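The structures come next, written out as structure tokens.
Heads up, the next two complexes both have chain A, just with different partners, chain B and then chain C.
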Partner chain A sequence: MASVVLSEPEKIYILHGVQEDLRVDGRGCEDYRCAEVETDVVSNTSGSARVKLGHTDILVGVKAEMGTPKLEKPDEGYLEFFVDCSANATLEFEARGGEELGSELGNTLYRVFSSDKSIDLKSLCINPRENCWILYVDVLLLECGGNLFDAISLAVKAALFNTRIPKVRVLEDEEGSKEIEMSDDPYDCIRLNVEDVPCIVTLNKIGYRHVVDATLEEEACSLAGLLVSVTSKGALTSVRKVGKGSLDPESIFEMMETGKRVGKALHAALQKILDEEESLGSSRQKVGFLG
Partner chain B sequence: MAAISMRLPEFRKPVVPSVSRGEEKHLVLPGDTITTDTGYMRGHGTYVEDEKLIASVAGIVERVNKLVCVRPMNTRYNGEVGDIVVGRITEVQQKRWKVETNARLDSVLLLSSINLPGGELRRRSAEDELAMRDYLQEGDLISAEVQSIFSDGAVSLHTRSLKYGKLGQGVLVEVSPSLVKRQKTHFHDLPCGASIILGTNGFIWIYPTPEQKDGDAGGFTTSTEPVPLSDREVISRLRNCVVALVAQKLMLFDTSILYCYEASLPHQIKDILQPEVMEKIVLETRQRLLDLEG
Partner chain C sequence: MPLDHRRVPGPEESQPPELWAAAGEVPVKGREEEDDGAAAPRDPCALRPLFARAGLLSQAEGSAYVELGGGTKVLCAAWGPREAAEPGAALSGTGRLFCEFRRAPALVLQDGGSALAAAISAAALALADAGVEMYDLAVGCALCRCPGPAAAWLLQPGEPEERRAEARLTLALLPALNQVSAVLGGGQGSPPESWAQALRLGLDGCHRLYPVLRQSLLRASRRRDAAA
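Then we have the complex of A and B:
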């Protein structure tokens, strides 16, 4: 993970600030930085989204391709995640420096989406045992400013919300061979139901309290943290401890409760902005990367 | 209880150029022709193509007799003797420390250029060399003055005055060096209740005003007492104001920071970083600064 070096007095200042619920930039322990969300930024994907959370910039593209289903789940499609830490994000990602972090982020995403109820995978099936939709979710880290997991999960949810999979029909011949026909209309597509897609909330323990959405400086002061993935209804899909320090069981319980609370608010805010963007329709001016 | 605000992105509005006093500045972008007169010597930031002098960086054209060069706006810190800088120790080497000052090369702080605790004046011995890490470690922040510049451009610092030395509790904001106005003094005790050091290298240090001036401490002892909440609020507000001024590309000096602080008082500290609020308070600051001049 990208890190900054801080002096001891700076760390002490941050620590005492967190105990009094006033962080360096004036936020409380449960406040997020101002986030910017935009979908449909990459034209040759089935769905894309860009999320800017303070100095953290994430771009996600989803491509839907036809393939064969997995052997153990023949009537479902599936998702494949890949996280690329761009060398531009921070100095540590030069050359192959970002590979380890990329694979860690990818594994976390697999774990978070491991529940059957996150996405309706049965709707991605075309022909059982033969054809299904595989959603390749590619995440690109453009800038690293702390709190990568949260920003990535928000971007993934927004990109899945934006994904449009073309409608296909299966035609059967007299001989029994099946043909797949895609509709000619480019706007004839199916959308995914992202109501139960979880979002990750990272809680970093600093001193005796925990903070949400830590900046790089705050991450340098925290020795342990908890990664919680929450759905919009408040159900947890995965919990993971990060960092080399230790957490005692009571604080784990408190952090999980905070994670659930903050997670529900996060989902509400994201859904609101996605609906707002959708309602603007084609009249929305796309800002993209040159704004 | 959790405050989460999300928004759709907006196009960046072009920053309104302030009313220029004196000559018009000749701004160029990479690729712009500066002059077609072949009598000029090309300096930094320019190159010759097809008998035209073309700029290679975005900045202001400077002419000294026959020498034309372009001074870039967004650049690393270029040290000059007498500048006050705030730096972070990156390495501890034999008889010197390497300091990160946002310059092209790491700056150097020689063991002979610091004040020993207790204010002793003596030759540095081998024991001093071994005890270097007790004075300054990797990650420590210091305020120093530029003593000289090596031939390769690396800057040599010194802390041979009681006002320089290791910095204690506070907040560091890193900005572009061209946004810090060169003034008579860079140490300010703002009337709002905090102190600020405007390093010419773009490192701004905001810290609580010390109660009494510890004369003989030599700047190496740092207090670990918790800073009171009222001071914290002032420091956080100042930090957000500095970030707002930098986002709107306003020069940083004590008056502009103070006016921005006063303009931000009606808003909550965490709201200052929202784009609309930022624009509003910087506009007010700009207005007050123009009234001050006019």
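Then we have the complex of A and C:
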């Protein structure tokens, strides 16, 4: 992960501040940075979203393609994740440097979405065992400013909300051969229900307290942390310890409670923005990349 | 999509043979009853018998073999300390622990459930056997929760339980320091209290397994002294 080199006095400064619930930029331990979320920024995808969380900039594009379902789940579609760490993000990602981080992020996304309750995969099925929709979710890291997992999960949820999959009909001939017909109207499409899609909350342990949404400097001070994925109803779907250090069991219990609280608030805020964008419809002023 | 170069290369369309076997078989009623009988109440806190032996490979500096009752067998070997090959590592000033986890033929000989937890314990034993200085032995423990409302968490699930499980959790504990060094869990959503309860059960299990691992290290060092 991109990291900054901090001197000992700087680390002590951050540590003491966190003990008093006051971080370097004035936030409390459970506050997120100001986040900007915009959907439908890339025109040739089925759905896209861009999230800017402080200095962290993530772009997600979703493309829906027809393919054959997996053998062990013949009546469901599936999602494929790919995370690309752009060389623009930080010097360490030059050439193949970002591959390890990219595959770690991708594996985390697979684990978070592995539960079959998060997205209704059966709605992506066209013909059992023959055709289904495969959603290719591509995540692009434009800038790395700490707390990548949270920003990526927000962007993925927003992009899935924005995804429009064309409606298809299956026509059967007399001989039994099936033909797939796509509707002519470009606005006739199915939308995904993202109510149960979880959001990732990373909690980093600094001293005796833990912080949410750590910047790069705070991540350098923290030896261990907990990554939890929370649904909008407050249920935790996955738990993972990150970092080189170890955690006290009591800290883990506290972090899970904080994660649930913060996660629910995060979901509510994101849903509000998405509903607002939806209600503006085509009259929305798109800011795009130059805003 | 670019390939994951760390994986063992094999044909992309390969599938496990069990999928085809299940399709061709005529369902037998007797088999279902047997399954239900096996799922009948099992003490959720019962630990499967664990056999651990350190120092069995003569070529490796440290090695360990861990077997859990029910068929999970993990073999681990530790080599080093060796100079880190990448130029980047020299700048960091700290050593790098290179871990390789392979399914067959080397490391996990047979997966009868809770393979990751057994591998964590085996790796810790092998490192201790190799003489690497460590803060404490890491003990791994796995849990899973069966489907159904308000189901309990089971300690050290066997393979059929793991397959049917709704949620899984593996954790590694350093018992002497009472610090958790790794937690990995996933599955259907449940409130934090349920995960907390699972963690407590897992911690208790780790504490109970710790003396077994220490005994095996003690025996291995005695054997080495006797042979020397």
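Structure notes:
One rule holds for everything that comes next: the second predicted complex is superposed on the first by the 291 of 291 C-alpha atoms of A that agree within 3 Å, B and C clash if a C-alpha of one lies under 4 Å from a C-alpha of the other, contacts with A are read in each partner's own complex, and residues count from 1 in each chain.
As a convention for this text, a contact is a pair of C-beta atoms (placed from the backbone, for glycine too) under 8 Å apart; a residue touches a chain by one contact, two chains touch by 3 or more.
Everything quoted here is computed from the prediction, not taken from an experiment.
Considered on the superposed chain A, chain B and chain C are sterically compatible, since they fit side by side. Looking at the shared chain after the overlay, A:Glu30 reaches chain B, while chain C stays out of its contact range.
Of the two partner chains placed by superposition, A:Asp40 touches none, neither chain B nor chain C.
With both structures placed on the common chain, the touch criterion links A:Glu10 to chain B but leaves chain C unconnected.
In the superposition on chain A, A:Glu218 contacts neither chain B nor chain C.
Of the two partner chains placed by superposition, A:Asp57 touches none, neither chain B nor chain C.
Looking at the shared chain after the overlay, A:Glu76 reaches neither chain B nor chain C. Aligning the two complexes via chain A yields an angle of 110° at the C-alpha centre of chain A, spanning the centres of chain B and chain C, rounded to a multiple of 10. Touch criterion met: A:Met256 reaches chain C, while chain B stays clear of it.
Which of chain B and chain C touches more residues of chain A: that partner is B. The minimum CA-CA separation between chain B and chain C in the overlaid arrangement is 10 Å, rounded to the whole angstrom. Residues 1-2, 4, 6, 15, 19, 169, 174, 177-192, 195-196, 199-200, 203 of chain C are the ones touching chain A in the complex. Those residues of chain A that touch chain B in the shared complex are 5-10, 12-13, 16-17, 20, 22-28, 30-38, 52, 212, 261-262, 265-266, 269-270, 272-273, 276-277, 284-285, 287, 291. Remark: chain A residues 71-72, 80, 82, 103, 111-112, 114-115, 117, 136, 196, 198, 226, 231, 233-241, 246-249, 252-253, 256-257, 259-260 touch chain C in the complex.
Contact residues of chain B toward chain A in the complex are 1-12, 88, 90, 137-141, 167-172, 222-224, 226-227, 229, 232-233, 236-237, 239-240, 243, 268-270, 272-275.
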